[in-house]
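What follows are several structures.
In the two assemblies presented below, subunit A is common to both, partnered first by subunit B and then by subunit C.
Presenting the complex of A and B:
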């Protein structure tokens, strides 16, 4: 039986006002509401006391290129990501990920900032942010600060963001020759939560064909989205051949700690994570 | 979902074309729109939760948290203000504390000192004027219980709910004589009906001391009976009115009685209306599901592919109470051999009680479970014999004159071969199977496959069920000259309100719009039986045609004029008349319920499906690309609605085959939300081609045999056969999830169904084909154990067909 009592909502139109309300405590931001509205029923964890509607904060919108960075506002929706020419040019894997989220309705409402702040281990955009050395910019009445993605998700649904801070934007460094591959293995073809989600990025070292700056990040295989450091170390400087694939896969199997849950089994998640990585490496090697 | 449609007239009868229900508008207009369609489209339709009753309170159910326990006490938090909350417990039930159905084992509420038999079992009822008070009160009630040992595995249960044995010939001897014996064990799990509209009931106290309930339901008179018993009401004091109902699929056959009783108990004590509207979480966690089953087969065949003997053992998990389990088991047992001629058959069916929520009615009613196993078995036998699965079915499928395991002679309306050929040809089964075999798929990331299945489905109630029901349906010519149909048969999206006027109008020679439908209100309409078992078009339709013929004769005798020209004048002159027509047993159909011998059903519907899948070899994900379903439903009354049933049933079966699964821990459903109980989305839906085959039943004046359940029987085994064709492994347990497929591909054992106790699976001895005593299998026949083919190696094939 849903809770009929809706919490009070404040809709500030400036960041300053928003920060002031957040400083009072008890407010939880709402962006697209696709996670928060589910939490409002009180069936999944404690519902928020008060809700802070951030939809009027236009400084949290927009996608732009700024010097060597791709800057994406926290309120950017998945539909906007899918339609953005800049994303298509600079980080097409993010558009690819956005296209796998929920379905049309969720993509219209759901935001990148919401995915980041919600901090689900299955958040589908998070491995891409981890694999591209993205930084998350948060702000409060006190200050703005920049947190590397690798330091943002610190535990099960916990982030480095303080309660009175908003996620303002994401900054992704633009690296020439960077390639990013994304794979989501969901529970079905739409409206699917990931059983395993993976992003792999590297720069091809022209002549030798070896990979540099390799980053491998995964979701749904640990209590938070993770980088697979050991596997990256094996891939770094290696060529994408069968032998590399075998070694990388062995490292990955040892490095991840998936669990059995209502969506899948640890065994399947481990098997699929390794098989998909194997496939990605082989595909790249045969290009 | 793209749709395609064809209609095939079987060769055995002059081709008679009903206008095809192809997308062409011209053809569609030949058939009436759904009666309730415009109201649903415009949002005017009133579902239970849309009904407003002044002063109504909200009701809630306090449910057990234990799978098996003694209820010691119901504790209320003394710090809470209980003056604003109404509480009802078992001791306040005025009549018998039973939800009346087959056995009287299920209480309306567990009494203090009584036995809790499953998680989410109703223990107490609350009502409050507003939802937040109710919500708060719910959290302030604690159940004090003493845990009892619980059983979750039907194979470990010692408590039998029902048992059936069917014997024909001598299966033991047949197996001894056979040249090859194939054994198999197949498992299917729970399935949730997942109607769009959650369960909902609103109870109103009546001036006469009785109760009226409005709600989402399939069977008004089941609830009527349950209310009379538990609330001690007379026929007139218990009134059940169906509100617009957003789907049922069997899920609103028996459980609404429970909810109606709960709402009624609260309303009675309160003296005001009480709304009992479930949210999805409560609905999934507490209401009935399709019965899980374990089916074991031993089949004896000759080397040239004759079916000699079938020995089949069916075990169903009934859950904690009997509900409809005996009838579900009965249908499952009767259908367990599949639509195949066999002289020596033994089928035993047992339903066992477990400490899990009771399982109940769901589209197909036991047959999808056992026919999945039967079709798996036939496909594996075809593989063992190295025969095309199409060819083997051609040889074995029932023809007219064949005898079923209950000894029923199939005298007419047997279309197994017609549906088989129609589906196989439309899908290009043989060609695609052979082509793929030649094409090398090595190195690819995806493998595609095609699979086939055949099924039968007994039409109407089992055995003498319809005779016991003795349903009544009425037609009234009112004194203002209107024609009204009075039945308790419900509309839940399948078309009752559209086809009844069609049938009656055709019989009376008047326009469809001139036939009104009386509301499904037990104070107004007779008991035409439950809206279940695909019986409405066939059985109730026949009664209505009988009533219409009598009405027509009465009017024409009196007026000497054709009915259409005379009935209005007749009404003006003589006043209204009403014909109450009672079910007449089908001539020549007899069934011995004691011995389980005879005509189990008056006739059968027949269905074949061909599924094509693509399997991702890295992840085990299955995309069901297409399903062709050919269904013989007797004479089609409304092609658009009939195809809708085939498409919906096929999709529900695809979900059953690939993803729908209830996971349990400690007798509790773990995935009891829409986020975790998965059904196919539009993107997961295959292209469905439905072919309606018409082999009418002479016992129906209109030839109809029923369509609702039939397609549900056949698509799941076709999908699993296609997966096998693609990747070379058999998945013996539904759903064929990527987890199970990947495990099978890597040779590991598939993950256990949560809830079944490890060590009870007899996988090692099952699922193999072995030569019977002393007979050498022919050299190319697989020996023991049946080797699994590698993905690329499609094996040699032997296709005799085109």
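Presenting the complex of A and C:
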């Protein structure tokens, strides 16, 4: 069945033109379309009144290293993340996350900026951005501003981005001794929306083997992607051993608030989130 | 709006609303009904086509984003009535059953073969992970893609 709704679309080729259109109101941006095209049927909420095709804004493309930052354009696709030598070198966990999203057809089209702006609590790249102190740069005709990832997803499918702003790029600080691990649990390896998705980052404190600068972020366990602050506090300064793992999972079980839905149950999500964290910590401890 | 694209090597001009799905343009405006609609939401891969060589779901691509680009559909695989290597391999191995997934499987398989990756089972499984076969005939489909890829790598 062809879609009942075909809203008017504008395809500006400059950021200034895009900003001018956004300022008029009523526009929903489309990049890879993997989320928005499905909304045109009207089966999932209200279809957009007008659509702004941002795919020609080439300034939103590219992956580069800029001083101490890894800078990723909003239009970077999951396929590009998977194939990028810079991502492989500087943040391989992000390529790992991209590889779990949909399958080839979705990865060729879906973008990092779209994952960020769509703000699904199950967005698979989002825990990595939270766990690496990334910041998100948004822009409008008024200004560009930089929002820490921890302040970007503020509620269920709600972000700090205003309606007239576009997500332009992501900036991830490069920390030399940082380790990042990623885990996603879904029904199958491909085409699965996560039941639990997790990113853990830390810096190993050489001789003592203790973890510093621990960040733990999760998706699909709350109304938005979250940092697990209490669990981080347990892990900070600790060594990755059995006792630490036990204390960390107790904290995590108390701190997350998953729900029952079509993909899983709250009970399963809590059990699997804690199990995955326990295993990650023990794996690191036995290295 | 009017959009110019290449479909199976031929230049085409389409007059359509910009948010019309590439899938609808192919089937309704251009009469290329080889591309199937399964789920219409990017889950099943029945509408897979190549967009500038990359495999995409035509149900998720608005025509405004195809302006100036090249689309290959299943109708573009055979040349002058002769099946291409992958199509022939599907016949040889029994890779087609009811047929609804076959056009999409062929396009995902073409993208895999064109990538030049070694035709190992895991890699082929990943390449068609976005394509569902309701007959669950995956084994023969994987055999077909492996066979065609092998022949491509060792010409003759």
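Heads up, the rule we're going with is that the second predicted complex is superposed on the first by the 283 of 287 C-alpha atoms of A that agree within 3 Å, B and C clash if a C-alpha of one lies under 4 Å from a C-alpha of the other, contacts with A are read in each partner's own complex, and residues count from 1 in each chain.
In this section, a residue touches a chain if its C-beta (ideal position, glycine included) is under 8 Å from a C-beta of that chain, and two chains touch if they have at least 3 such contacts.
Everything numeric in this text was worked out from a predicted model, so none of it was measured.
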| item | value |
| --- | --- |
| First, second, both or neither for A:6, with subunit B first and subunit C second | second |
| Touching partner for A:53 - first (subunit B), second (subunit C), both, neither | second |
| Partner chain(s) touched by A:190 [first = subunit B, second = subunit C, both, neither] | both |
| Contacts of A:104 with subunit B and subunit C, given as first, second, both or neither | second |
| Touched partner set for A:45, first subunit B, second subunit C, both or neither | neither |
| Touching partner for A:265 - first (subunit B), second (subunit C), both, neither | first |
| Partner chain(s) touched by A:30 [first = subunit B, second = subunit C, both, neither] | second |
| Partner chain(s) touched by A:155 [first = subunit B, second = subunit C, both, neither] | neither |
| Touching partner for A:279 - first (subunit B), second (subunit C), both, neither | first |
| Set of subunit A residues, in rising order, touched by both subunit B and subunit C | 1-3, 5, 103, 189-191 |
| In the complex with subunit A, residue positions of subunit B that touch it | 58, 60, 130-132, 134-135, 138, 279, 281-282, 445, 618-621, 623, 659, 663, 670-671, 675-676, 678, 680-684, 738-739, 742-743, 746, 748, 751 |
| Sites on subunit A touched by subunit C in the complex | 1-3, 5-9, 11, 30, 32-34, 37-38, 40-41, 51, 53, 55, 79, 102-106, 108-109, 189-191 |
| Residue numbers on subunit C that touch subunit A, as the complex places them | 17-21, 24, 28, 37, 40-43, 45, 48, 51, 54-57, 59-62, 64-65, 67, 108, 111, 126-131 |
| Footprint of subunit B on subunit A - complex, ascending | 1-5, 42-43, 103, 185, 187-191, 193, 195, 262-265, 267-268, 271-272, 275-276, 278-279 |
